[in-house]
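First chain written, first letter: the chains are A, B and C, and each begins at residue 1.
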Amino acid sequence: MYNSKYVISVLVIFLAVFSYPFWGNLASKDYTGPKLSLPADQKQCIEPVEFMRSQHMTLLNQWRDSALRDGKRVYVASNGATWEASLQKTCMSCHTNKAEFCDTCHLENAVEPYCWTCHVPPKGNE
Amino acid sequence: MLEKVLKGSPKYYMWLAFLGGIIGVGAITYLFQLKYGLALTGMSRDVTWGFYIAQFTYLVGIAASAVMLVLPAYFHGYKQFKKIIIFGEFMAIGAVIMCMLFIVVDMGMPQRMLNVMLHPTFNSVMFYDMMVLIGYLCLNAIIGWKTLECERFQIAPPQWVKYLIYTSVIWAFSIHTVTAFLSQGLPGRHYWLTAVLAARFLASAFCAGPALLLLLLMVVKKIAKFEIGKEAIKTLTIIITYAMCLNVFLFLCEVFTAFYSNIPGHMHPLHFLFAGTEQGLPWVTYWMWIGAVLAIASLVLLIPTSLRENMKILPWALGMLVLATWIDKGLGLIVGGFAPSPFETWALYAPTVPELLISLGIFGVGAFVVSILWKIAIDVKKEAGTL
Amino acid sequence: MKRSRRQFLKVASLSVAGLGAQLAAGGMTKAAAAVKPSYKEDALALKAKRWAMVIDTREFASKEDFDACINACNTAHNIPQVPGKTEIKWIWKDAYEHTFTETTNKYQSKEVEDREYFMLCNHCENPPCVRVCPTQATYKLESGIVAMDYHRCIGCRFCMAGCPFGARSFNFTDPRPYIKDINPKFPTRMIGVVEKCNFCVERLDEGKLPACVEAAPGKIHFGDLSDPESEVRKLLEENYTLRRKPALGTEPGVFYII
């Protein structure tokens, strides 16, 4: 190999920098995840927590299409309960604290949904 | 061949830097428009398309006009055009890019523009417009690049280029017809609701495009000692003259239909454009009359053969023609469509400074694209000895 | 190692592509194996095959008569009060010659001439706006309502050029600063989208009549045009009515008793 001194040394530095996410936090505390402020009265969301965590945006998109294009505004959940398919009227009626619930996770994950430019968050949060 | 872009005279670099500056000003102004919305333009609830769509409409015609060289050269074997076709095709690329940019800056939600492709709507003319513009851009890029490359290596282009060229001929007519259909099928806009709009668009494109091409080629002649060819200029100016005559004739047909039928819906837009309202003459009336005078003047200088073949007069005639068609098919057409409003009121529109700066930036992009593409063409021809 | 660098790169990229595809496929099947949702209509929802409106223009005399309806719509739907030529309006009033442009009459009855008339989206049967929309952001429901999905609108304003009635408004700027009291039960719109009257489809879906109808009982009538027994059909039989620009063939669904 030509210039093996430089190639090997730069390669080692590159690998070290590139693998930083894996070893950089070995010495610090474990990541605990965002602290959410959950609704006081309701214990169960529309669907199980795992589903809601990963699929709530897909679900909202399906709600939008069903309500606006099919005129079907009642959502029948997997446990048979019925809910109105509305972000403002259903979700926000329990999750009344946008800053301590919605925003906490979104900020941690660098997600910037622009739902709130149109959909009105519950009063007392902004 | 891209390497030809990187080597040029100091004047060439200064020209590109100047264009870069204009583009920068336009881009920064556009950032303001993204933040504050189209309220920065002169558009209103009653005049919802303005300067941007006017430029788009005009530039689609310029883009389609490449066919006026391609058709005689490839379909009818008119060899005298073969030398300058590449410049026409490259100008078409610049024009199509400008068209697309004008549409993007006119959109309220440009970040959602892919929705047109994600949710294809086969009854919407705008869906087809997006598809045919993209197709035309690709066609011209592939054809232009391949033929230029073959010219560089002094070989005949491969067979498949011929099929693409025939496709591009039909495609050129279609892009401008589709753009006309955008306006001509709308039931509430009486200035546009005429079968003759597509024909007018094509006629005006086929005189304005080649005229602009000739003017730009005269500039190239000065810079690069490029001989366009006496025969080519003669034939092209004849085509331009006939197309302009057809354009003016079709417009006068509109005037006849409107005023002989005496139907208010037909008369009102033309009356507004050329005679204003009871409140007086809006700026657009002066604008339209200047366009009309320039149109007639250009024909006066183009129809008599001795004047048309006079190389000192020809640039002026072509310049007046380009300006006249720009006035008529650009802002004149768009303002006329919205006058009167659906409520039979007169909403006045004038482009604002931000609107004009953004438009200037986009023209800068077009000039930039054409400059570098034509630089490649000129340098390749010099290298191959076919300049 | 006799293998060339080129072969190494080929094998390496294929393995990475395969790994990536596996991960992606795993993620997608996980999502598909989620809950099977179902949707249905609200039991209270009002249903029709062709919603239409009959406005008794004789009943609207004072400014308060008109404002009751206009304000009801504005507050229910968070319509911004933007001043000037970039205004947004879903229902408004105007003079006879601006409303009925095809039936102008120099010697019209003065009383009819001086009256004012509501204008709003006509929810046409052959809507040009739906025909031209390149993304189906505006579409016709089976109930005859011409609806809008503001999530999909790209703001090209082709629908505004296509509407012969000037029923649509565009958000030239951010509407939020122009909304006084936001109704938390209904969203606002955002900068860069077109909006218009929606015949209160969200109220119909929960069994209520449109806001303007509710604000003017007995003056604005609402019902199913396809039902011969409906109130609107009876009114149309008993009264001579006008529609705006009927010659254009859009078949508007808003009738005016003159």
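Assume a contact is a pair of C-beta atoms (placed from the backbone, for glycine too) under 8 Å apart; a residue touches a chain by one contact, two chains touch by 3 or more.
Computed from a predicted structure; not experimentally measured.
Novice: Draw the chains as points, connect those that touch, then say whether the picture is a line, ring, star, complete or other.
Specialist: Here the contact pattern is a line, an open path with two ends.
Novice: Using C-alpha centres only, name the chain that sits farthest from subunit C.
Specialist: Ranked by distance of C-alpha centres from subunit C, the top chain is B.
Novice: CA centre of subunit A versus CA centre of subunit B: separation in Å?
Specialist: 47
Novice: For subunit A versus subunit C, what separation do you get between their C-alpha means, in angstrom?
Specialist: Taking the mean C-alpha position of each chain, the two centres sit 31 Å apart.
Novice: At what distance in angstrom does the C-alpha mean of subunit C lie from that of subunit B?
Specialist: 35
Novice: By the touch rule stated above, which residues of subunit B touch at least two different other chains?
Specialist: Nothing qualifies.
Novice: Would you mind listing the residues of subunit C that make contact with two or more other chains?
Specialist: 191
Novice: Touching residues of subunit B toward subunit C in the complex: what are they?
Specialist: My answer: residues 36-39, 43-46, 48-49, 103, 106-110, 112-113, 115-116, 118-119, 121, 123-127, 130, 182-183, 185-189, 337, 341-345, 347.
Novice: Please name which positions on subunit A make contact with subunit C in the complex.
Specialist: Counting only subunit A, the residues touching subunit C are 47, 51, 54-55, 58-59, 62, 64, 66-78, 84-85, 88-89, 92, 114, 117-120, 122-123.
Novice: Once bound in the complex, which stretches of subunit C touch subunit B?
Specialist: Against subunit B, the touching part of subunit C is residues 84-88, 94, 97-99, 101, 119, 128, 131-137, 152-158, 160-166, 169-174, 191-194, 245, 248-250.
Novice: Name, in rising order, each residue of subunit C that touches subunit A in their complex.
Specialist: 31, 34-42, 45, 78, 139, 141-143, 147, 149-151, 176, 182-191, 201-202, 205-206
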